[in-house]
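Look for chain A in each of the two complexes below; its partner is chain B in the first and chain C in the second.
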Partner chain A sequence: MTRRELIMIAGLAVAVFAAFVLSLAIGSTRIPPSRVVEALIGGGVSDEDRAIVMAVRLPRAVTAMLAGAALGIAGLQMQTLFRNPLADPFALGVSSGASLGVALVVLGSGSIAGLFGSTTGLAGDALITAAAIAGAGSVLVLVLAVSSRIGDATVVLIFGLMFGYAVSACVTVLVGASAPERLQQWAQWGLGSFSGVTWPRLRLFGGLTAFGLALAAVTPKQLNALLLGDRYASSMGLAVRRVRVMTMAGASVLAAVVTAFCGPISFIGIAVPHLCRGLTGTGDHRVAVPAVVLMGAVVALAAQTVSVLPGDGTVLPLNAVTALVGAPTVVVVLLRRRRHGGHV
Partner chain B sequence: MIETPALRTCDLTVGYRARHRTRAVLEGVNVSVSRGQLVCLLGPNGIGKSTLLRTLAAMQPALAGRVELDARDARLLAPADLARRLAVVLTDRGAIDGLSARRVVELGRYPHVGWFGVLRHRDGIAVDAALAAVAASHLADQEISRLSDGERQRVMIARALAQQPSVLLLDEPTAFLDVPSRVELMALLRDLTRREHVLAIVSTHDLELALRVADVVWLVMPGGELASGAPEDVMLSGVVNAAFEGHRLRFHVADRSFRLLTGQRGDAVARGVGVRATLAAAVLEREGYAVGAGGPPLVEVDVDDTGWIAVAGGTRVQGIDFASLAHFLRERTI
Partner chain C sequence: MTRRCIERFDPAADYFPEKAILEDAAMFHVEYRRSYKVLTVNGGQPADPRERYVLVQCGAPPPPLTGDLAGAAIVSVPVSSVFAFSTTQLPLLTDLGRIDVLTGVAQRDAITDPAIQRRVAAGAAVEFARVGLVVDVERVVAAHPGLLMIGSLSNRAVPPIRAAGIPVVPNAEWLEQTALGRAEWLKYMALFLNEEARAQSIYEPMKARYLTWAGRIRAIPAAQRPLVMTGRSSNGMFTIAGGKSYVAALIADAGGRYAWNDDPSAGIVTVDIEAQIARAAGADIWINGGGWKNLRAMLEQEPRYAAFKAVRDGRVWVYERRQTPSGANDYWSRSVTCPDIVLADLIKIFHPALGRDHAFEWYMAVPGSGAR
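Let's look at the complex of A and B:
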């Protein structure tokens, strides 16, 4: 790593810590950061503050960090896999696939409580998560099958978008056929939230995201080789098919798990890898993977914090916040790439 | 001692296999080439040059026969072992715009490093050496997207060299380059074969250039066979014209270049000293005359350093520059 890259990654680590403390401090009631830190290390703060921090805000912040890192890594993996800067779990319909899986279980079984209720058993979570992974994985396999035949990145991207719409339409049909009270809850889930993951649920959520993140962390060499293209990668002795399948599986798990637990959260997947490339100045995965994990955590924590800024228990939809921040980011990044003669 | 050929083919047939049918594009290829040689693979478009290169690189299975690298059957080599013996430069652009030249060359070390791709001291030395070999050391920290096409191609060659192979396969490396960069790149490849003691096999459309720099040319013939030999032997055997049969070109061995097939308007003579006579003949050929064919000339042109005098059909015209000669010849048609 160059000096600049090291400094940027260290800076991102500091930013994660700051965003983490801030997100614990801000909510329906504000708790000063000093008291937040005291509550964390077991100092003398009121039981009420401690309860808010430990039982509500800490799992929420941890969820946000993991979800942001997971979405960022899934986006990075897809951008590399498709060699397309606009690829992400959303654009390629992977999130829609996960949503379909969730919808089939939740609307089919009639227990949407599993998504929000803090008391639902692990089995329900596991079922929903498995369905989301299956949905996301099938969409990604389909899109990749098309991309290996077509090769034209733009066509593949449009195919992914169209596939996403078609899958969303299936979800809409399912939703339309459900009872009105479930509709309300479904819409709520669709807005995205990091608050639904309580401590017990965090074990499954954290375990699966950690698995996906670890997979990305041990394959930077393979991802770098894929940047050159499949033929180059195989000419260097890389088992391209195996690496593609592995990366695809990792990206599907990450995107699906986040979708199952937090709802379909947009823009983090596409924006975070670009922000990291802009910051570190390289597309090398040895730098990009740690940078994306940290940047994803920062962005998700920030979005979470902004969503509760109005106070008084008013919560802005998370997806509105990520889109308002993410869309301009992507536009700026693309404009800069054009100016620098990059190919989109 | 006779050196083991770096690459040898035994009754190699290349082509495509689709469902139940096979389509061979080249059959019975038997060639043997050693390190330190520059081989140029030539032939008209779509005749199977890329198919042959892909088969030699083991990216595509042979329909029959086999490819040997350093006297070992290429099919039996482990992927990483193959990658340490053979490296490629392709036309694929990839998504490497965000990487520095040095990082791109580092990718070439992958068959030499472990799963995590940690580069050690000797890998750094190999990367430096590869960059230096293509005179791109000064570009190491530049982003690939900011390099010119010629510089980018040199970095891609350095990446292949970093694999430290005995064989380099290059698929039309000069395709996107301007004329000076093409000549420079071919000269560089020629130097590399000598200095780095590698075998370079280059497919190219640049036949005239290839015939000047190659040690060996492989010429793909329309019948699906491969003519192979030193450029001069290949030229002498007359197969160059056979390979490009049907095109309105004729290859002239004496000046190792193609000329447009002309002469429909009759014979002509150009007289004079040195380069002027050659250029006058060029003007005559462009205007449709066969120069020096031996028949009774319709036009006779004499040139000296004051200008030209043309005698045609009893008229005698003179002028100073070649533009006016060309103009006179064109006017004669009407």
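Let's look at the complex of A and C:
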């Protein structure tokens, strides 16, 4: 890691801290910062303030941080795996696969309420998460199977999109056959939210995302080799197949877990790796992995904070915020990079 | 006269001697013009424009649709067959004693009234939105009812059904700002059946009972009125009654203080759990949530419910006393036209001493609580 890259990483870490503090300080209700601090350190504040800070804002911020990091890494892994800058959990249908897994469990058991935890406890969460991972994994395996036969990355991407459409159609059929009040809940789930993960659910969510992130953290060299092409990678003595499978598994777990708990959150997966390359100027995974983890956390926390800005209980859909705020940022970063002669 | 068609039209005759006089409803309006009624109604969603309908007595020539009637749709009355989209529209027919005109229901599973269930079972009424409440346009067009009462006119099925010559009217009862206004939609249904007199004869005594109940709590000082919260959380977002909804009005009339009193919306509104905690953590009573087996299941589903005093005190009330195992709820089928009973239930919850002579009709405390 060069000195510049180190400074970048340190800067991002500071940004994560700042975004985390902001997302604790700002919510849809107004609580003076001093009372937020009091609530955090267990000082004498009202029960309302304590509940808001400790039971709503804190788990939400932790969830946002983990989800942002997870989606960013999943995006990075897929962009590397397919050697395609447009790959992300959405474009390749992986998020749709996770949604289908969720819908199958929930609607198959006759109760979409399970998805939202109204009938099932943590065991239900585990089942839904497993189904989401299975759904995401199957789509990714299919896409990879196609990509191993067809070298053209664009064609593979189109295959991914088509898988995504087909899988979404299955979800639509399932949802269409369920009761209207459940449809409303489904629609709300589709908007994406970090607010649904409470402390008990956070244990499972945190454990699984930590596992996925750890997997990415120990394989930066292998990912670098993949970036240079399979033949080159195997000439370096890399078990290409094993690395691919491991990376694939990691990306599926990360994308699926976030989808199961927070809904299909778009944009972060594709944008964060680009933002990081723009900032650090390198595709080296030894830099990219930590940078993406931190940048993902910053973006998700910032999106969360912006979504509650209207105040008094009104919350903007998270997916709208990630795209509306994030898309122009990515465009600016890419344009600036082009001007400086970089490549995507 | 009211049920028969005009045989020899007399332009000077008043064909509607029995007229609806609206006292509380604000979302529709009617004006009588000898052989036709001019109905103006909200489209069924808060932002929907008002629509105008001309209800022409059958046998009378339709008036020219010019001037204030330009763009209005014509409905021939009295209608002899009605498709009802929502179970909340069924009590309008039941109360008027006119389920004989009901020829279509959205979903039979949602029906709790045995008489209507029998009607569906006998084939006298068909199901027209069985899957996911999506209107089966072909089925409606094939049956060609005299009227389709829908929830909102923004429903995508409306244009093709209208194009087939079937009158479609909205029902915006849930946007009324008082429970009495909502109940007065009985007269709305009556307009299409020429049953204004019967509607008035039902509405008047009900309103009197409502006002009597409301009168009981008038003397209670603000300090003794419990703070009340509504709704339920899904993924950290609470769906609650708006501050200008009929539910908010019911809470006030029952001697409660609604936590979102200053919210400007009618109908329902979604707020995040943080804002709900900020406003309602200290609420004494929680009403109109639902779907919980007991308080423990409630907390398992959403641990943050523990932040609410009403949960800790076990004072969570839902209108599920008469709900079938399949989820069909009698509350939705009957409460529209009986706000006096809803009010009595709420008074008994908020001020048990004042409701001692009343037996709960729809409300029950969520079990596992030391319900009072």
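Note that in this section the second predicted complex is superposed on the first by the 305 of 344 C-alpha atoms of A that agree within 3 Å, B and C clash if a C-alpha of one lies under 4 Å from a C-alpha of the other, contacts with A are read in each partner's own complex, and residues count from 1 in each chain.
Criterion: a contact is a pair of C-beta atoms (placed from the backbone, for glycine too) under 8 Å apart; a residue touches a chain by one contact, two chains touch by 3 or more.
Here the structure is a predicted model, which means the values were calculated and not measured.
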item	value
Three-chain arrangement built on chain A, chain B and chain C clash or fit	fit
Which of chain B and chain C A:T329 touches, first, second, both or neither	neither
First, second, both or neither for A:T198, with chain B first and chain C second	second
Vertex chain A; arms to chain B and chain C (CA centroids, nearest 10 degrees)	140
Broader residue contact with chain A after superposition on the shared chain, chain B or chain C	C
Contacts of A:S138 with chain B and chain C, given as first, second, both or neither	neither
Nearest Cα pair across chain B and chain C, whole Å	40
Chain A partner contacts - residues on chain C that touch it in the complex	131-134, 234-238, 269-279, 281-282, 291-292, 297, 300-304, 306-307, 327
Residues on chain B engaged by chain A in the complex (per definition of touch)	57, 59, 78-84, 86-88, 90, 92-100, 103-104, 107-108, 110-111, 113, 115-117, 143, 145-146, 163
Sites on chain A touched by chain B in the complex	79-80, 83-85, 218, 220-221, 224-225, 227-229, 231-232, 234-239, 277, 281-284, 286, 340-343
Contacting residues of chain A [partner chain C, same complex]	27-29, 47-48, 51-52, 55-57, 60, 113, 116-119, 121, 175-180, 183, 185, 188-189, 193, 195-196, 198-200, 263, 308, 312-315
